[in-house]
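Take a look at the structures listed below.
Here come two complexes built around chain A, the first alongside chain B, the second alongside chain C.
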Partner chain A sequence: MAPGPAPCTVRSPVVLQVGDVKTDLARPGVAIIDVVLPPAQPLDLQEIVFKNSYTAFLTVRVQRRRPCDVGREGARKWVTCLWNHCLMPSPHTETGSQDYFSLFRHQMLCDVDQVTAVRLILRQPSPVWLNFTLEELRLYPKDQQSLQTDFPTWLSHLAPQQQPENLHGGIPDPEKVSTEVQQLWVLTEMIHANQTAARIGRFDVDGCYDINLLSYT
Partner chain B sequence: MMLEQDTGLSLAIAQIVQRLKGSSLHSQLERQARGSLHKPEIKLESLKEDIKEFLKTSGWEKRLQNAVYSELNVFPSPCHPAAPPEHMKEPLVYMRKAQGSWEKRILKSLNSMCTELSIPLARKRPIREQKELLNKWNEMGTDEPDLSLFRPVYAPKDFLEVLMNLRNPNYENGDQPSFKNHLGLIQVPLKVKDIPELRDYFSELGLNTGQLGIDDSTQVPPELFENEHVRVGQTVLTEQDSAAAQQYVRQGCPTALRAELWALILNISNQPEDILYYEQLKSNVIQHDLLVDSLIYKDVKLTASNDDYYFVFEDYLYQVLLCFSRDTSVLEHFSYNSATPPKSYIRGKLGVEEYAVFYPPNGVIPFHGFSMYVAPLCFLYHEPSKLYQIFREMYVRFFFRLHSISSHPSGIVSLCLLFETLLQTHLPQLFYHLREIGAQPLRISFKWMVRAFSGYLATDQLLLLWDRILGYNSLEILAVLAAAVFAFRAVNLMEVTSLAAAEAVLADLSTLKVMPLLQIFLFATVT
Partner chain C sequence: MATCEKRRSAPAPATGSGLVEPVRAGVGGREPESEAEFLLQAGVTSMVREALLKVLEARPEEPVSFLASYFEKLVLSGAAGDRHGQQQRLARALWYVRLAHHSHRTAFNNNVSMAYECLSARGRRKKPGVNGKIYSELLKKICQDGEVPEEVVSSLLRKIQCRDHEAVPFDVFRYGVLSCFVLLEFVAKADTLYDVLDDGSGVADKRVCQAVLGTLEDALGASDFSVPIRYLEAGSKLGPDCLALAMDKALLERKICSSMNREEFLTKATALFIAKVKPID
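This part shows the complex of A and B:
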């Protein structure tokens, strides 16, 4: 299986500041993060995953390569594919401030194939936060969601397709069924017994629970 | 929420299926399904449908529903798959850090107590002692061990100091007061509900809905509300439906039905294996002597034994709390609690991972007043094993939130902030006055909330309050009541000039009627 996120360079955020950054008292409310993809490998974007850090609204713009654009460097177009997506429903308070988010292809306003660059426009209208950005930013190509690699495997076995038993071949041998059922019974009883043992939950190690002090690590 | 809805849903379903698979309900269902094969109404050609129908009619489907409902109530919905496990404990990094350093303080305090008194944290009891303890299991209160050297690890007051110093490092915490600083003691910018949101959330407590605690008073003829409400309660119990019971108790439980309704909501049935489990815990208490036992003894002696309502339950409290400290199934709740259980090593095996253990075995270190979480339940349940299970479930659903630092809406930090915000918006003059005379309201109300008002209200009133905690699956009502109490005493409080005087005004809450207070505060006050 191919590795997860697409290779890309995430530039550090640039804040939009009116006046001098050092002396101006007003805090910037907008920041921009540029993500550059290797020029030879345009990306069919499936999902953007990140950890929020006090960004309230997010706009995503992408630069796409069109077949007709090949060879004309200046003609590549920027399009907005997500407009002021809310990450913090109440920007003065913590809700959503440090949560993990996924933005999927179907949430986008336009198709996001053949992407050569992504620009994230971060907004934070509340002046109470000292900084805002996005962390752990990753882009996933199509057919390869972050979820697939991270989902526990048993999830895909959630509802196994049950094969209806073929009864046309006549009734099975009762002797055989009986032994099989008995085996099954023994097995379930064993599992049952094991479960109760697990629930009782021992806290000692080999019968010993003599402790002097607590460990700080 | 942050995932696609479908994925979030299937993840939640998968999580519940996974957890129920290990439960005894799962094997019981299997056994029932197997047993049903002998029945004539189960046909081979429609086996699956027939068994489903059988489980439905025989009441097993309802039990499965209740189990699922209970899981949904207890466990938070699954996090984003990219989030690390600690994110589920607490999403805000600075809160996790604060909880971590608070725990370290507790560990140090326990360790220094061990060193000072030169006693171990845990040891095996000699056989003679084991027999002695077994003989006096039902009268442990008669024992008067010398506990003068033991001190509670911490009291609510110490915990409040920690919460007051909580700061978000990314927040503008300027020295000059501005709109960004809170006027109260809590300085963390959490989202708490305002009055319109609370009215919406607690809509069943409104003026037009019948309430036990108001509409069952002697002046009101029982035909108007009480009789009908009791009848509905009996139907809910016959149906054995947890969700219906939870909705029902929002209007209060009739005293005679409360024990059963709470058990139904908490999905506690006291099966033979549960009784066996309790006996196992008891034998663990007999075998091992823990330092926390002395803390529990001391706490019961200092609190419940001195309480007019609860002193009769002293022996029950020891039994439940000692068993609780040995119960490793409590450890499970640390997956959604910001706290982390203390770790230690078996003597002589320091640093060897195979000998690493949690201490105490349930991971919970009791503090001053802990036993008051159990005491009110003693009025409802007389069988120790059932009392024990109800308490454990109440703890892993609610009470742990009252002494861990987290951003959860039912967490103590949010409750404090909700209380301060409500008081400030509702009664700005009172808030300002108390603040000016150095009697910050939270300094008085904090202990009420940490104990969920246990030991402060009359028991019938306390149980009416806890009905609503269970009904709404939320502790926010505690903060609302705390603010309502201040509003009720506002006239007297406006006249005081010191913290001590303010405390005196609010010293006795045992005459208060909680439901009228809540209703007036939420629905009948013009803001």
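This part shows the complex of A and C:
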């Protein structure tokens, strides 16, 4: 379960600021991180993983390769696939400021196949933080399944999902039945786990040495 | 295995310590030196030590009766020691493998290897190994002492038996013996389960039985995920809630209400177990 992240280039954040960067005292509230994917291999995006560093809201836009605009390099459009996703519930306080986040395909507003570039727009409205960015940014492609994708359904309701109330009379005590059946299961699993690799070394098919099958030719 | 661990977790040398004390006390003094010497000469020291080791390995629920049968066996095998007939060796091997419960892994493995050696020894210091005939006979004997239906035993044996002339490697031997013991326990548990299912009436509803066995089969055939997840999955499937739902659903089906007798239930349950036993090849 260690899918490799897709190869990509993460550019350093560009801060958007009104006025002169050096003289203006106001802190910037928006930064942009561009991620460029190798043009030869567009990415079917499955998951974006990163560690937050004091970013309050995140917007993700992607550029996709469409069959229709092959040849028109300049015409590619940016589409927004995640809009003001909240990373810090209250921007002035620490909560969520250094958490790890995973954004999944199903959270996206549009489909994210054949992605050629990703642009992350970071917003931090609170002036109390000196700077804000995202760290350890990784993109995971679709075919390499991450842990979340093969998450079995039964695991999400290990706790009794629906209390069987309206059981009809006449069934045996489920607690007792369960205890016994689980013991049967344990015994069977045990014999399964104890299997030996040793072999007798039989190589004949059953019955092939039957006297009637032997011939003198 | 949780059930087996319930047996006796604390060491049980209570009865043993009284026995071993005089031996130790004798070593130091001048006068009692002859006592210690006597014990050594008569082989009592090593014999008692061996017995204590067996008690510690097996941790029986009733140490006294365990020791009693141990010494009784010792006497019998001593008397028959000269002849070393095949039946004697078989009985001795059988006794070894029954000494410890299979959940005491080390003790059980030790005893199985003792049994293996015992079976492979033959007169005139030859060690020809264990052949399929005596191995199969041992397995049959092991299976005899539970109340296991005949056809169940034979369907297990068909999988793990060797042919008479084949030489049996130790691993195969161990696995075969273990399978038999686990089968015995499985049948006993399935029997208890039937008692729960029939609610004291003596006959259980066929639909309920089938629902329970179906759930068990489902949990056993669970996907090939990594091991811890499989255990969780089986746990969730075999929980009281899931079982209650399955049984309830089965009862609601509009089928003719028939019953399943104990034999049939045991056969069907053990079929699930035997399917997981690896056949010898």
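Simple rule for what comes next: the second predicted complex is superposed on the first by the 142 of 217 C-alpha atoms of A that agree within 3 Å, B and C clash if a C-alpha of one lies under 4 Å from a C-alpha of the other, contacts with A are read in each partner's own complex, and residues count from 1 in each chain.
Going forward, a residue touches a chain if its C-beta (ideal position, glycine included) is under 8 Å from a C-beta of that chain, and two chains touch if they have at least 3 such contacts.
As the structure is a prediction and not an experimental result, all values here were calculated from the model.
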- Touching partner for A:109 - first (chain B), second (chain C), both, neither: neither
- Classify the contacts of A:136 with the two partner chains as first (chain B alone), second (chain C alone), both, or neither. first
- Query: Who does A:202 touch here: chain B (first), chain C (second), both, or neither?
  - Reply: both
- Query: Which partner does A:93 reach: the first (chain B), the second (chain C), both, or neither?
  - Reply: first
- Task: Determine, for the superposed model, which of the two partners chain B and chain C contacts more residues of chain A.
- Result: B
- Is A:14 contacted by the first partner chain B, the second partner chain C, both or neither? neither
- Contact residues common to both interfaces of chain A (with chain B and with chain C): 152, 154-155, 158, 167, 185, 188, 191-192, 195-196, 198-200, 202
- Query: Once bound in the complex, which stretches of chain A touch chain B?
  - Reply: 49, 51, 53-54, 90, 92-95, 97-102, 104, 127-131, 136, 146-147, 150-152, 154-155, 158, 162, 167, 185, 188, 191-192, 195-196, 198-205, 208-217
- Message: Under the definition above, what is the set of chain C residues touching chain A in their complex?
- Response: 1-3, 162, 166-172, 174-175, 178-179, 182, 185-186, 189-190, 192-193, 196-199, 204-205, 208, 212, 215-216, 219-220, 223, 225, 229, 232-241, 243-245, 247-248, 251-252, 269, 272-273, 276-278, 280-281
- Task: State the interface residues of chain B toward chain A in the complex, per the touch definition above.
- Result: 2-4, 7, 10-11, 13-14, 17-18, 22, 24, 27, 30-31, 34, 44-45, 48, 79-83, 87, 91-93, 104, 107-108, 110-111, 114-115, 120-124, 168-172, 180, 188-191, 273, 277, 280, 284, 288, 326-329, 342-347, 350, 354-359, 361, 407
- Inside the complex, what are the residues of chain A that reach chain C? 152, 154-155, 158, 160, 163-164, 167-168, 170-178, 180-192, 194-200, 202
